[in-house]
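Labels run A, B, C and D following the written order; every chain starts at residue 1.
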Amino acid sequence: MVTIAFKDLALTNAAKRGMPRERICFTPHPVWGKTDEQMYAYLEGNDPVSGKPLMKEVVAALTDPLTAEDSKSGTITPPVGAPTFTGTVDSLQQQFLDNGMTDFLPIILPTREKVDAMLKATSHEPDEIVGKMTPAQGAFPAWTFTVEQVAVNAVMAGALPDYFPILLAIGSTGISALFSSTNSLVSAAIINGPIRDKLQMNYGIGAMGPFNQANATIGRAWTLMSKNLDGGGVAGETYMGSQGNIINYNNLVIPENEKDSPWPPFHVQKGFKPDENVISFFFGFDITQGQGGKGLGMKPIPHYQEAMSANVAPFASLFGALFIVDPLVAHGLGDLGFKTKEAIADWLQKNTTVTVKDVKTMLFSGLPRGAEAANLTDDSIIPKWPKADAFSFVVCGGQTNPYHQLANMSYRLSVSIDKWI
Amino acid sequence: MSPVALAGVPALATSDKKADQAKKGAVPASGSLLEVLNPRGLPPPITLVPMAKRLDSLDGKTIYLVSDGFPGADTFLNQIAIWFKKNMPSVTTVYRLKAGGFADDDPKLMAEIKEKGNAVIMAIGH
Amino acid sequence: MSLLGMSPALLAGTATGAQEQKPHATSASSSSRDFVAGKITAVNPKGTPPPIQLIPMAPRLDTLDGKTVYLVDTGFHGSDVLLGQVQAWFNRNMPSVVTVFRRKAGPYMEDDPNLWKEIQAKGNAAIMAVGH
Amino acid sequence: MGIPSAPLVTKAFKDLALLNAAKRGMPHERICFTPHPVWGKTPEEVRVYVEGPDPVTGKPFMREVVDALTVPLSEEDKKVGNLSVSVGPATFTDTADNLQEFYLNNGYTDFLPIIVPTEQRVDQMLKATSHHPDDVVGKMAAGAYPAWSYNVRQVAANAVMAGCRPEYFPIVLAIASSGMASLFSSTNSFAFAMVINGPIRDKLEFNYGIGALGPFAQPNATIGRAWTILSKNLGNGGIPGDTYLGSLGNNLNYNNVVIAEHEDASPWVPFHVQKGFKKEENVVSLFRGLGVVPGQVARGSSANENVQFDYQMSDLFSTFTGFFGALIIADPLVAARLKEQGYDTKEKLIDWLYKNTRQTVKDYKSRNYAYLFDYPRALRGDEPWATWYKLPDDAVIPHFPRASDFNIVVAGGQTNAYPQAGNLSYGVSVSVDKWT
């Protein structure tokens, strides 16, 4: 029994998993937040898809004999179209858009010549399998893809060949930037190492905005890959975010401002050498700016730590807190005595607290389990996150203002870019 | 369902009205033909799964009502149990919340249902 | 202008009169245009900047001795601290200068006509702190 | 003012200060630089700056300040007259690939691929409006400089570049006519949003269902993008260090938050009707502020039948700055539930939120924007800030100065009862029909 909002998803999913004739019964949507009486009325009413009495359909689904089609076994291979398309510049631009192969913005048409130029930027063979990707683990089968298929998407996004190893590294993780959930979630990538300067990435003024080709196209290519390499990003089918998220166009691409940071770079924290080129992934709910928070206007020294702690009040503890701090903030925190990322993470973990009562009203936040939980009452005050490793810090920005941004996101993993050169 | 839809490609033909408009508006500079590559990955083959044999009747049978954990599913299945009690009292219903995240399997529960149940109603959505 | 090394093109926000960097062939006749090798003509997307009216600077004073200098805080964080130190510097090094500290009313992007009038009437010079 | 003045500027704003003085007609203005930043430094630390050298010239800082006020003017310094500014020729000719690169390298784009605005494509765009290509559309100043003006043809070139279809052109013209840029010269990394209302949403096939704010529909994607591209090219914005100073930048500036309201599924009056337009009119409304955040995580969101969307939003807003407003983007499921709770009009919900989202004066004063924007207004006697600054620390005041700081629109695909909310202020609503 599925609520009607998930009709297309349920039907295509059953088919993709090999049971195209599964007997799915639909109820009105939503059931969340409805009273017992309202729900019983659903049961006495009709299936909004078939128009037939719902419970009669449920009983029939379990008792009507199977047809020959229902009992079929075997395999089918879903087609993805011809290996190449031929047309005029304008008709191809339109064809890619109509076929859902773009983000609905203009692309560079992936001609053989341009794809070959991209392929020259890696030592890996064009037909080597890079990885597997799915719009949501468990919900959809993963597709595989080759170096050449990543190259086609890289060209489309407007990436230069020099950027290609980064895109292969992203592909190798199998992380989709368009994760399918009814939440409208977002992804971020932190770039570390000398490649930031080699590619002239922007980690200064306007780092996260539309001011640099590498930042812009690497982020965009990730979304195009997430549509084309795994069949993702089809709204209502492989993308279910009710409201969607604007960050999904280009994702958050954050090259760390290593030279102006008083702290070790992010990849070094994760065990890599400073001269290695590394991309690190975060996932969760969105990003916001911190300068509206309490404490930042304190005279004469801004109380960055208080602002940060206040900023994360509505965050879900399901994901962590990623702070993207201007170098001025990193130095300012040092002036306040927080000399390391660990020191500020530790302070934030201890001082960012919630009452048990409040946690119970938060959909994506959890209470401690086990022995710790035994003595808690509604009025108990507990840390919002049980461990300091929920807090991550990356230094980025042009030092025009001591501001920070923050994302309700968790660290996932870091991978080497150098492997893909 | 056409296999084309399964690949997540709405349509591979370009015969819709927008494409026609685009052709009409095509500029002379783009008149010559170009060949470009398909950006899509390789979907795995789909193995068809035959549906389980249906019951002749639900009378006297045990039906597991399984919640996948989405908000509202528990309350909803409780109403289904009440419906059976009222309308098909010979049916025994057993409510279970699937362990693990909503996308994870729960092999223990599946084994229990196989052993003790005759049918399953799963509630998905919220 | 040359002192700042700025060309009018730079002022317009273009990197340079770009057609100087890269020679552009003259437009080919449209019938012979070929997408890959041929040339096409595209429209400049820039708007029209207004002409810049030069504003002469106000005449300078012969000396600050005995003069009244207004120290104007535009409201950015830290400007008050900076101007406080400027005031202290005058007290130590040029004690005949009278300094008057004022925080401009209204947010930083707005004018404060009353304050400008006061400075014109009572002051001889002004120092404004901008930035933070 | 007519009396000598010396601007003191921190070094981070060197290029800006020099260019700004030049663009405003005083290319030889005597600017004195201190190290950056002064915010967060103690008086002792700042004293070292004052006693030390100007980091730009290397000369003693205070000697420079005195010289700026006393060294006589040169002939150049006294000059009056007009300087005209060039933006290059009207057209460029090259291969398609070279032009793609040329537009990018000259900063005409958002660094993503464009449709090259050939004369033919621009002409197609121009056919979608009755206005003459030479008609002046408006003026825009995306940087802290005098506004640039632009005509219908110049707007069309930018619309082509963004990937807009000709049918979208009247909306792009309406946005351009507002003079509001989506890139703003501030060290804050501001974000911008637009709400689209009227039958044009269906005519152009805007997405206001599943994934409404994401990359799933051409009008949402390209019209949003066109706003940023035209803010760069028509409003002289988006040059980092010169007309754009946001230290960290904002991902929302690529395509801006485009919200086509889901009018049919909303239990409330559409946004443009609230602003005095007729339901059948096509209207674009523009917003500015800090960004958009998800609402389903806050207090009050729990998984039981008593989801308190009003309480949840209020909790979320407590982390917003009251300098900007709150724009609630409610999924139709959220709106329906709120109506069931008794909020049968947007006004009732706004009234509750305004009255129940509160803070202490102490917390308020500790906010950066309170000092930066509100305190100087209080000095001028503007209300409510003048009163707020006179209250004791433990007094409780509204989080937002006015009920009109709240706005509500409905959008989303009803797969889940989740809202989003922007810390965004309403700017202006413009008729699209005027530009057809």
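As a working rule, a contact is a pair of C-beta atoms (placed from the backbone, for glycine too) under 8 Å apart; a residue touches a chain by one contact, two chains touch by 3 or more.
Predicted model only: the values in this text are computed from it and were never measured.
Enquirer: Measuring between Cα centroids, which chain is at the maximum distance from subunit A?
Expert: Of all the other chains, the one whose centre lies farthest from subunit A is C.
Enquirer: When A-C is set beside A-B, which has more C-beta pairs in contact?
Expert: Counting C-beta pairs in contact for A-C and A-B gives the edge to A-B.
Enquirer: List the centre-to-centre spacing of subunit B and subunit D in whole Å, with centres computed as mean CA coordinates.
Expert: Taking the average C-alpha coordinate of subunit B and of subunit D, the gap between them is 42 Å.
Enquirer: I'd like to verify one number: the distance from the centre of subunit A to the centre of subunit B, where each centre is the average of its C-alpha atoms, in whole angstrom.
Expert: 23
Enquirer: Between subunit C and subunit D, what's the gap in Å when you average each chain's C-alpha atoms?
Expert: Centre-to-centre distance between subunit C and subunit D: 22 Å.
Enquirer: So which bits of subunit A are touching at least two other chains?
Expert: 5-6, 29-30, 32-34, 88-89, 93, 182, 297, 300, 302, 363, 401, in rising order.
Enquirer: Mark out which residues of subunit B touch at least two other chains, giving numbers and ranges.
Expert: Only 18, 25, 27-32, 34, 71-72, 75, 126 qualify.
Enquirer: Among all residues of subunit D, which ones touch two or more of the remaining chains?
Expert: Touching at least two other chains: 12-13, 36-37, 39-43, 96, 118, 187, 303, 305, 368, 371-372, 416.
Enquirer: In their complex, what parts of subunit D are in touch with subunit A?
Expert: 12-13, 36-37, 39-43, 96, 100, 104, 110-115, 162-163, 183, 187-189, 207, 209-218, 220-222, 224-225, 228, 238, 240-241, 244-258, 290-294, 296-303, 305-308, 315-316, 318-321, 323-324, 329, 331, 333, 337, 363, 365-372, 411-420, 423
Enquirer: Quick one: in the complex, what on subunit C touches subunit D?
Expert: 1, 3-4, 6, 8-9, 11-15, 17-19, 22, 24-28, 35-64, 69, 75-79, 81-86, 88-89, 93-94, 103-108, 112, 116, 119-120, 123-132
Enquirer: Which bits of subunit A are touching subunit C when the two form their complex?
Expert: Per the stated touch rule, the residues are 88-89, 297, 300, 302, 401.
Enquirer: Residue numbers of subunit C touching subunit A in their complex, please.
Expert: Its residues touching subunit A are 35, 77-78, 81, 132.
Enquirer: Could you please specify the touching residues of subunit D with respect to subunit C in the complex?
Expert: 1-10, 12-13, 17-19, 22-30, 34, 36-43, 46-47, 49-51, 62, 65-66, 69-73, 76-96, 98-99, 102-103, 105-108, 116-119, 122, 140, 143, 146-151, 153-154, 156-158, 160-161, 187, 229-230, 233-236, 239, 242-243, 368, 371-373, 375-377, 379-380
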